[in-house]
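One chain, subunit A, links the two complexes that follow: it is found with subunit B in the first and with subunit C in the second.
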Partner chain A sequence: MPIALAWASLRRHGTRTMLAMLGVAVAAAMLLDMVMMSTGMRESFRSLLLSRGFQLRLSPKGTLPFDTEASMGNTRELVRKLRTNPNFVAVSPVLGGSIHFPRGDSVVTSSALGLEPRVQGDYELVSGRDPLAPNEIVVNDELYRALGARIGDTLAVANGYDPQTREYTGVRRLVLTGRVRFLYGATRQRAAAMELRTLQQMGGSERDDASSLVMIRVREGASIDSAMEFIKEQGPRANLVSTESALDQVDMRLRYFRQLAVILGSVSLFVGFLLVTTLITVSVNERIGEIAVMRALGVSRAHVVQQIVLEGMTISLIGAFAGLLLGLATGRYLNGILSSFPGLPEAIDFFLFQPKAAWTALGLLALSGIAAGVYPAFRASSLPIATTLREEAIA
Partner chain B sequence: MTAPAVVRARDLTREYSFGKEIVHALSGVTFDVPEGDYVAIVGPSGCGKSTLLNLLGAIDRPTRGSVVINGTDVARMNDRDATSFRLRNIGFVFQRFYLMPTLSARENVELPMAEAGVSKLDRIARAKELLAYVGLAHRERHRPSELSGGEQQRVAIARALSNHPAILLADEPTGELDARTGAEIIGLFGRLNRDGTTLIVVTHDEELASAASRKIHMRDGLIVDG
Partner chain C sequence: MIIPFLAAVFLLQAPQRAIAIDERLAADANLKVGDRVTLSPIPETPGDTVVISAIVRRGTDPAEVARSEYRIRMHLDHLQTLARYGDRVDRFAIATRSESSIDRTIDQINSAAFGFEAHRSKDIAVGTSKTFQVVSRFHKAIGVITIVASAIFLLCIMLLKVEERRRDVAALRLMGISRRTVMRSVIIEAALLALVGSALGIGVGWLGSLFINWYYRGVYRTPVAFSIITPSIVTLAVTLSLVLGITAGILASLRLVRTPPLVLFGR
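Up next is the complex of A and B:
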């Protein structure tokens, strides 16, 4: 009976109940978005880092991979030594830089990766084939459209431009062999990839033996700590980061985001709580006579409390489920905006939906719904019956 | 032979404190109500009639004295026991009906039975039987807002009878009704009493009081006659 009475009571002022549920839905949506944001970026970054199975990364000192134009020297020998370790399944050196495609009076500029196509972990082939020869190149869709080229075309590619001689430097003629999608590429970023040696040679003697990053995939079951020890023993003048330590660094940089998310999420929860408490208190005050009569008829205090708490919980839960949908929609919309920020990998999600996050948000709201009903419920059930009825009769 | 007393009130006293002032609402009331009796409690406003009814119905506690209903002293019960006792032994009818506005007539009658744990089928059957008894079989699906005042009061009476109470207490049951509808309720109370229900009615309505088999006159918290 408490369930039927709670539902009937909510239906009695349908519009008011709907508005309260809508209010809770908005609070729930915000809470969910904040929970999604506080955990989403980290998880998204983690799955991105682990997407090709590389657990260790060597990058120039004081930087994150591709954080700057910085590079490491003498990497050929380092890579050779690393490959002697039987626990290293793949060692993938990568050099980052910019390249230019002179097109008559204009030029198309793009970022470029020099890598070893057979062990690379930076792109996925969309069509065509990998650039396995020194005179081959693959491009992403953005660059493909900008060039107006076709697979099989030969393209003039320069590594730099000398403003004094007004000539391009490090020019090569490369055959376009495929279209790819870069895993770490930013939205609308033009990018290309070629053999590491090709990009190194295009960069001249300064970059002849340079790499911006070396990624290492360790055999499954092998100790990451031992692998790190081995790498350190080779004496690289570089930062060695595991996925976990990279995530810790990302965490440090995202700390303010998370603090903001926690504060806004708590405010949303509190607003939802206040909304339900206010509604239930008003509703109970309107029905004080009815509640006193129910008590006089023999309805127990526990059932009165149960009914009123159920009302709060119903508003919170229906509002929370509606908020879940609203939160997913707004999260997706905001994610679209934030993901298009320049310089950020397209694959990074700011609002990553995780069932655990959704359940956390729903659970918190359900608890706040229960808490919101507790005070008015105990107040209503504890009223002296005779006095309340007399006051109601006088009123 | 006199029927056994279903209600025994002894030295019932109820005082209220308002700051330093103490108001004596009841000052040592003693009386018995035999089973099957129909008692009207009358007197001027503020003489303690409703206070007495509240004590008999275990929704208030006396400052002193005892109220024994069907052999149980309800004045000494804690809240939980008093609630359970009311549910199974006492039927209440109020001046303002107090039906649950969101429930139908039948659901209102079912409410105390649901609380008492009566099965759904049994309580539907009993609610239908009671609504038929009060002449509202055809209105069982109607909400209180779709019923007249007299019909609402009849539903409230059916609700009060749902758990076969030992006594039915009514506080100004005709107070909100016009003369004709009030007369219908008076007729219904008469029929109830003839069918064996013990009734105690607080009223200003002379007609209702006259229909009772016994009148208790009160003044200043005391029984002055009856």
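Up next is the complex of A and C:
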């Protein structure tokens, strides 16, 4: 019976109920987005870091990978030492830099990675094949379009300019062997990859044995702590970054968004709660006479409380389900805005949908719906029946 | 035998190079003016011992806000030597005599130079503040969602308010008060509600802005202003609030005046 009465009461003021549900839906959408944002960035970054199975990273001392132009020396010796550890499945050195493609009077500039294609963890092949020879190169779609080249073409590539001699430096002729998607590439960033040795040689004697990053994949089941100890014993002048420490660094840099998510999420929840409370309170005030009659007819206090709490919960739950769909749509839109954040990989999702996030948002709204009905329900159930009936009759 | 001795004396007496460090480094490393530190291009290798001659405050560069790196300033030749950078620089800054000659200067440099490109400082500032542009777009989108939620909330409240007074309005209508007057009174009430709400909102926003600036300036250790309330923002907020309030008032009052007075009485 309480369900039927609650439903009838909501239907009686259809416009008001619809508006309340709509208001709760917008608040729920915002809440879901904020819950997704507060947990999504970290999870998205974690899955990106672990997407190719590399759990440890070595970067130049005092920096995060590719945070500055700093590089590490003695790469060949370091990699050789690391590969002696049987628990290291893959050791992948990477050198970052800029390269230039002279095109008549103009030049196309791009970032470049020098790596070992057989153990690399930086790109996925889209078409063609890896640059396995020293005179081969692969590019991403942005660069592919800018160059207007095709797979199989030979491209003139330079590492820098010498303004005094007015010549390009580190010039090589490289064959384009494939198109790739860089996992850590930023939006609209032009990028290319080639063998590590090729990029080192293009950079001259200064970069002959340099690397910007060394990624290490540890055998499944092997201790990461022992692996870190082993690396430290090799004495590289570098920062050893585990997935967790990298996530902590990212968390620190993007904490503004997490704080914003907490504040806006709380405000959304409060607004939803306020809306439902206001509506239920006014609705109960309007029906004081009816409730007094029900009580006089023998309807128990528990039934009255159930009916009113159910009204609040119905508005909250229907609004929350509508908000779930709305939240996914707005989350996608907001993610599109934040994905152009400078310096962040394009693959990072700020608004990552996780069932846990949806359940959290729904659970919080259901709780707020119950809480919103508590005060009006208490008020209705504790009405003095005779006095209320007399006052209503006079009115 | 004399030559190495003279060289040693010269080295001992050679004036030490001076550097300036930023406040963040000074605070974290507990350094002060006059302290000596060793600079080296590669960690844990021998380097130059220099004297800290100044502690400087960072400029308000949005591009650096989220980066917690330290910065020192030194003479160009000193850094070139220390970093074995040769006779190279990363960029030149050029001051022109007048604003009008900037475009011509850029064209001249770009057509004559090889291997580098001239940019307006203004364009570089736009490029480096992209972080803030993205944040600004994000805030605008969040703002739109908030406005939609506020509009629905306001409409709900106005509907409740007019429905609470169904009998009062019915009595007024039966006494001969016109629909227009009833509507006008509801709309004026809605507008007043929106105005008072806006004034309160501006006050809360101003306090929020003070808190945001205090908090994030401390977190990122920068003088950048994170939140600014300008007259245009206040005008926009008040106008929006008024438009929403009046629209909600019109919709709620239409619902009221279209219902016959006796129905409003519940008969």
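Simple rule for what comes next: the second predicted complex is superposed on the first by the 395 of 395 C-alpha atoms of A that agree within 3 Å, B and C clash if a C-alpha of one lies under 4 Å from a C-alpha of the other, contacts with A are read in each partner's own complex, and residues count from 1 in each chain.
Here, a residue touches a chain if its C-beta (ideal position, glycine included) is under 8 Å from a C-beta of that chain, and two chains touch if they have at least 3 such contacts.
No experiment lies behind these values; they were computed from the predicted model shown.
With subunit A as the common reference, the superposed partners subunit B and subunit C fit together side by side.
Touch criterion met: A:289 reaches subunit B, while subunit C stays clear of it.
Of the two partner chains, neither subunit B nor subunit C is touched by A:83. Shared-chain residue A:297: touches subunit B; no touch with subunit C.
In the superposition on chain A, A:386 contacts subunit B only, with no contact to subunit C. Ranking subunit B and subunit C by residues of subunit A touched puts C first. In the superposition on chain A, contact of A:275 is made with subunit C only, not with subunit B. Rounded to the nearest 10, the superposed model shows the Cα centres of subunit B and subunit C diverging by 90 degrees about the centre of subunit A.
Between subunit B and subunit C in the chain A overlay, the least Cα distance found is 10 Å. In the complex of the two chains, the subunit A residues touching subunit B come out as 1, 4-5, 8-9, 11-12, 289-290, 293-301, 303, 384-386, 389-390, 392-393. If you check the complex, the residues on subunit B that touch subunit A are 50-51, 54, 57, 59-60, 79-80, 83-88, 90, 92, 94-96, 98, 100-103, 107, 111-112, 114-116, 159-160, 163. Of all the residues in subunit A, the ones that touch subunit C in their complex are 13, 15-16, 19-20, 22-23, 26-27, 29-30, 61-62, 68, 73, 160-163, 166, 206, 237, 252-256, 264, 268, 271, 274-275, 278-279, 282, 286, 330, 333-334, 337-338, 340-342.
The part of subunit C that touches subunit A in the complex is made up of residues 42-44, 66-69, 84, 113-116, 130-131, 134-135, 137-138, 141-142, 145-146, 148-149, 152-153, 155-157, 159-160, 163-164, 216, 219, 255.
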